[in-house]
Amino acid sequence: MFSKMTRLLWIGIVLVTLLALAACAPAPTPAPTAAPPTAAPKPAATTAPVATAAPQATTAPAPTAAPKAAEPKKLLLGFTASQTGAQQVASKKQIEGLQLWLDDVKKAGGIKLKDGTTYLPEIKFYDDESKTDRVQTLYTKLINEDKADFLLSPYSSTLVKAAAVVSEQNDKVMITAGAADDATMEQGFKKTFQLYTPASRYLTGAADALKKFVPTAKKVAIIYEKDSFSTSVANALQPYAKSIGFEVVLFEGYDTGTTDFAPFINKITAANPDAILGGGHFADGTTFSKQLFEKKVPIQFVAILVAPPEPTFKDIGDAALGIIGPSQWEPQVTFSAESAKAANLPYYGPSNKAFTDAYLAKYKESPSYHSAGGYAQGLVLQKAIEDADSVDPAKIVAALDKMNLMTFYGVIKFSTDAKTHGKQQAHGMVYMQWQKDSAGKLVTQIVWPLEAKSADAVLRK
Amino acid sequence: MKTLSSPFIWIILVVVGGASLLPILTNSVSLREDMFLMLMLVILASSINIIMGYTGYVSFGHIVFFGLGGYLAFFLMKEFQVQFMLAALVGGAGASLIAFFIGIPVLRLRGAYFALATIGINEAFRSFFTNFDLFGGAVGMFFNFSVYDAYGGAKNAGQLAYYAMVVLALVTIGTSFVIKKSKFGLGLMAIREDQDASMVLGIDPARLKVLTYTISAFFPAVAGALFFFKNGLIEPGPAFELHRSIEALVMVMLGGYGTVTGPIVGAVVYERLRGFLITDPTLSNAHLVIAGVLLLLIVLFVTAGVIGWVRQRVPALRRYLE
Amino acid sequence: MNIEALIASSIDGLMLGFVFGLMAMGLTLIFGVMKVINLGHGPFIVMGMFAILVMSQLGINPYLGLVIVVLLGLLTGIVVYFVAVHRVINAPELTTLLATFSVNMILIGALTIIFSTSPRGLDLELPSFRTGAITVLGTRFVAVLVAVGVTIALYSFLYRTRTGKSIRAVANNRGAAELMGINSSWILALSFGIGTLLAMISGGLLATLFSFTVLSGGGLEVKSFVIVVLGGLGNPTGALFGGIIIGLLESITTIFIPVSWVPVFEFVVFVLILLFRPNGLFGAR
Amino acid sequence: MSILAIKDLESGYGELQILWGLSLELQPGRLTSLVGSNGSGKTTLLRAVTGLLKPWKGRITFDGKDVTHLSPHEKAEMGLVLVPEARQLFTDMSVLENLEMGATPKGARAEFKQTLEWVYTLLPRLKERQSQIAGTLSGGEQQMVAIARGLMAKPKVLMFDELSLGLSPLLVINLFEVLVKLKGEGLTMLLVEQNVQMALAVSDYAYVLSNGRLETEGEAKKVREMESVRKAYLGL
């Protein structure tokens, strides 16, 4: 009898333990995973402004801005970041850019509506380890538990795709940066808005540039990493290159994780192209460029994805020379209030110089296009709130649909077509090239489009 | 059936089932997401345990079936609008069939050779799918959101996928238990202890192993189908992620290899621990290091895993902790 | 198809193959001596890469740095052996797999904290020799010399010195070696150290050829498995030939089939060899 | 003074106890044999003495020092060497390399050349075979390599486990002749054998083991005469 009792007791204990393990943790009290987000609102915001006096975000004039309204309301922006894993570096830059925007808004006293309501944005983010399943879990959490008002995106196409699915499922507005995938934006999304130039337009400009810089060029080789993003770029580039009269002598993908390009370069050389277009991500891009250089491949025009705009691309030394890369933004871009006026568009936000200087002052590093994208995420949302004069999601969507303006990051306009809703329409790429300055140091210059160039293109030997 | 009269299986099913109801009772979507992932890991770990814990064959690349099931089902759903549960079952059956044909030659290998072969198989499939344009190649496949309309919208589809995952988890655990307790399972353990001696006992190791491998491929495949259905997109990288496979091994080891409860406890503990480490601001940078150190300590000092350890220490519990 | 490209690629592949062989040699040595599949192999390779990177940033010539890498690798390996492997050396395979996997996690975690996952590269220029379409890259040529040198050194050590012979004795019959007065724990630790230093040297050489990240080890580790199986588990000479075969295979197939199919081909060959020649291409039976 | 003394030794595998309080002593310069039927615990005793198996209780003294808990290689270094059952050669290595490995203890290493010379005169066949891979030798030759390898350690006590197992009678006689020669040179030896007849014929002193306990002991000649031993082991 007694032993039966103990047995039951044991069952009870096991049951309770397992229940506790399996379920309690994530349940009502936001225990483990719900631990507060990392470094988000930096105390820096309350301290004195930085010495270089970062320029105020030129908030659109709010005509009858009631002075000193009530307490500013909180506006929670949620997203995930890759603090670990493959996308760590770019993701960090993106957050830094966003953080800078946040500082600027704080300095301006928040986002003000016409009725005097002020919103003070705060950010909350979790580490997604660069993994899609974590992205989805964490976005669900941001939406349902943290009650994020608006969503921003993680970095990289694959992760953004995963996040967009969740945000669309939950009817949230999300502004994405760091994702250029076309396919993602052709799923019939209603509330997802893309800041990056889509992959399909990533390298088409390079083909145009080739035509201009090397008028004799006839044959091009398109080589690309076999991943989602680079494949989309290449798939769009091939018909375009043909349409403007090039012969594509080689169109071939290489496996993600390819380390050695020597045999592939032999194959490319054998096809005898006048230019190489394509690429993938950083590691393959640098190795490819380096081996191209070492093998003294005499191709005058090489434009590859992602790697060249990274400052560390210059680690490979002279091998970087002459390599062209598409970029969403570069510190030398010439978008300004004047050029906006010329294009008959409104200009919004800080000037390019102001952004670049403030970034350099705060992080002791020049901003990359990831940083600019991060800042632009916030800026676009801010503008949409001001235009909508509300934080109501439906009104924000309407404002974003209507948006057509220029910022330091470039022109922004979203597709309103049902099939491709939210896809970036206006933003264009700039093409930068590694060149040597007068002192013999490697620097980047914008070479295309011609109206935005900071230097003339130099052909490889 | 004698096996079903064991109190253990009912306890464990009730506990897991009960825990799965929590998100529905509390109506918390994010808890549901957490549980969805957790149940998926339980399924992965349990099915690896079926082949590894019972026969001693360390399948490093078991995630290949997760990917295969996911891809097959996704293709059916996308191209032929097959209902998702049917597609998932077909995906599972397809993966099992592939496991059957792979298993016949590969299970002849022993020890390290088998482990290496499973890695090779996973990588071969991953690179194959990267190039296989019918399934989207490197870009993968994605649903148009209208696919979910058939299930009452994307939100509702998530809920349905969750129910399916709960049922799958319970079936996996049940199967794991029945195999362990059956004569079949006994044969497997004999193989684990000494394959050559088991033949003397009249056991046909080759047949038994292939059958087990085929069964153990089914569950991750269905789980993959459900996961990618909810995900809305599938790509070769996340579908055949070797790392996830190794993590599932860690879970089995953590909980206790060769037990039914072990993989469940292992999956829950591992996932909670990781969740805790990566969201804690001070620990998140070091989370890999901390997890590694903990794993090492367990491997070195608690070789039998949590459940194995409890079973050794408290013999009275053995009947309730298979 | 272009005959010149084929020859050029064969030369490139052959040269890279030596480095691959060296890389796999560490893995196969450890397996041969103690029947442990070292899942920490990838991070060891990466440690070699970053050791060279740090030294070149400090102004040390990368090739000179390899000498320091040897010592560093030996030490790391011995420490890792005693911390993580020694206690479970007689346990079933799964246990040692997980023990070395936890080493993998710890090392990758630590390296990520120190270096982040951003890509790095060495700015190293050596002259290359060129005739027609065939270019022999200077870095690659030196890498081959180093790889051959290290292989010769390893073999003289294993066959000419008493300690080396003790390693072979322990690999052959640990119990008997112990009975003959050989301290097998020490020999095992030393072997692990040598396996590690081989991985690190190959990492250092690879760093002179390609750019890399903290996460580069994963792919290279899997490649090492392929090579080791090709050459026969536990057979260092086999590993060298396995490396050369993989190098050639990759480079030659690149000419004939789209490059992205090369890994498919490679892994199918890997599984087939495991199935039909589990002792490697050169092994008995 | 005995050179090796085992006192009240208990040991076994896992939870299974095999040895139940064994005590035996080896006198220097003598050949002692340990006999008993299959499963009586002879090999277990040797494993416990060399340290391959942990002693549970009791004490082992070698050359005046307590060596109970030392590992096999430490004991070998001190001069307590075993020629193991089934030879356990380094089958992938040459005969010469096997012998070199035998000479691992520091003292032996220094005198490697002389010892090798001596071993080759004792077992001349090995000299012819010195560069052959050990695994390719015949069973008898392999046993010779095993003995030679043990001798290369310059042991103070050399123990043999089942020297005659699986060898033809003629070979066995050859090997036992070698033992006699070694005894003549003053080497202390412990011979563990199933072949009781042969063992007792060449030994000075003998222990008889049964079920992990000592059944009897005495001068080899006397043990041979014992009725119980004759019945149980000699089939007379």
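Order of writing sets the chain letters: A, B, C and D. Residues in each chain are counted from 1.
One rule holds for everything that comes next: contacts are C-beta pairs under 8 Å (C-beta built on N, C-alpha and C of every residue); 3 or more make two chains touch, one makes a residue touch a chain.
Bear in mind that the values here come from a model prediction, so they are computed numbers and not experimental data.
Asks: Starting at chain B, what is the smallest number of hops through touching chains needed to reach chain D?
Replies: Contact-graph shortest path, chain B to chain D, evaluates to 2.
Asks: What is the graph distance from chain C to chain D, where chains are linked when they touch?
Replies: Contact-graph shortest path, chain C to chain D, evaluates to 1.
Asks: For chain B, which other chain has the most distant CA centre?
Replies: Relative to chain B, the chain whose C-alpha centre sits farthest away is D.
Asks: Between chain B and chain C, what is the separation of their C-alpha centroids in Å?
Replies: 32
Asks: Quick one: report the Å distance separating chain A from chain B, using the average Cα coordinate of each chain.
Replies: 35
Asks: Express in whole angstrom the distance between the two chain centres, defined as the mean CA positions of chain A and chain D.
Replies: Here the centre of chain D sits 75 Å away from the centre of chain A.
Asks: If you look at chain B, which of its residues touch at least two other chains?
Replies: 127, 130-131, 138, 285, 287-288
Asks: Multi-chain contacts in chain A: which residues touch at least two other chains?
Replies: Counting only residues that touch two or more other chains, chain A contributes 84, 226, 253, 255.
Asks: Residue numbers in chain D touching 2 or more other chains?
Replies: Residues: none.
Asks: Using the definition of touching given at the top, classify the network of chains in this structure as line, ring, star, complete or other.
Replies: Its topology fits none of the listed shapes; call it other.
Asks: What chain pairs are in touch here?
Replies: Those chain pairs satisfying the definition are A-B, A-C, B-C, C-D.
Asks: Sort out for me which residues of chain D touch chain C in the complex.
Replies: 50, 52, 71-73, 76-77, 81-82, 84, 88-93, 97, 100-102, 104-105, 109, 149, 153
Asks: Flag every residue of chain B that touches chain C in the complex, lowest number first.
Replies: Going by the criterion above, the answer is residues 52, 56, 58, 105-106, 108-109, 111-113, 115-117, 119-121, 123-124, 127-128, 130-131, 138, 242-243, 246, 249-250, 253, 257, 285-293, 295-296, 299-300, 303.
Asks: Using the touch definition from the top, list the residues of chain C that touch chain D in their complex.
Replies: 162, 165-166, 168-169, 171-173, 175-184
Asks: With touch defined as at the start, can you tell me which chain C residues reach chain B in the complex?
Replies: 31, 35, 37, 39, 83-84, 87-88, 91-95, 97-99, 101-110, 112-113, 218, 222, 225-226, 229, 233, 258, 260-261, 263-264, 267-268, 270-271, 274-275, 278
Asks: In their complex, what parts of chain B are in touch with chain A?
Replies: Residue list for chain B touching chain A: 7, 11-12, 14-16, 18-19, 22, 26, 28-38, 127, 130-131, 137-140, 142-146, 154-155, 158, 227, 230-233, 235, 237-238, 264-265, 268-269, 272, 275-276, 278-281, 284-285, 287-288, 316-317, 320-321.
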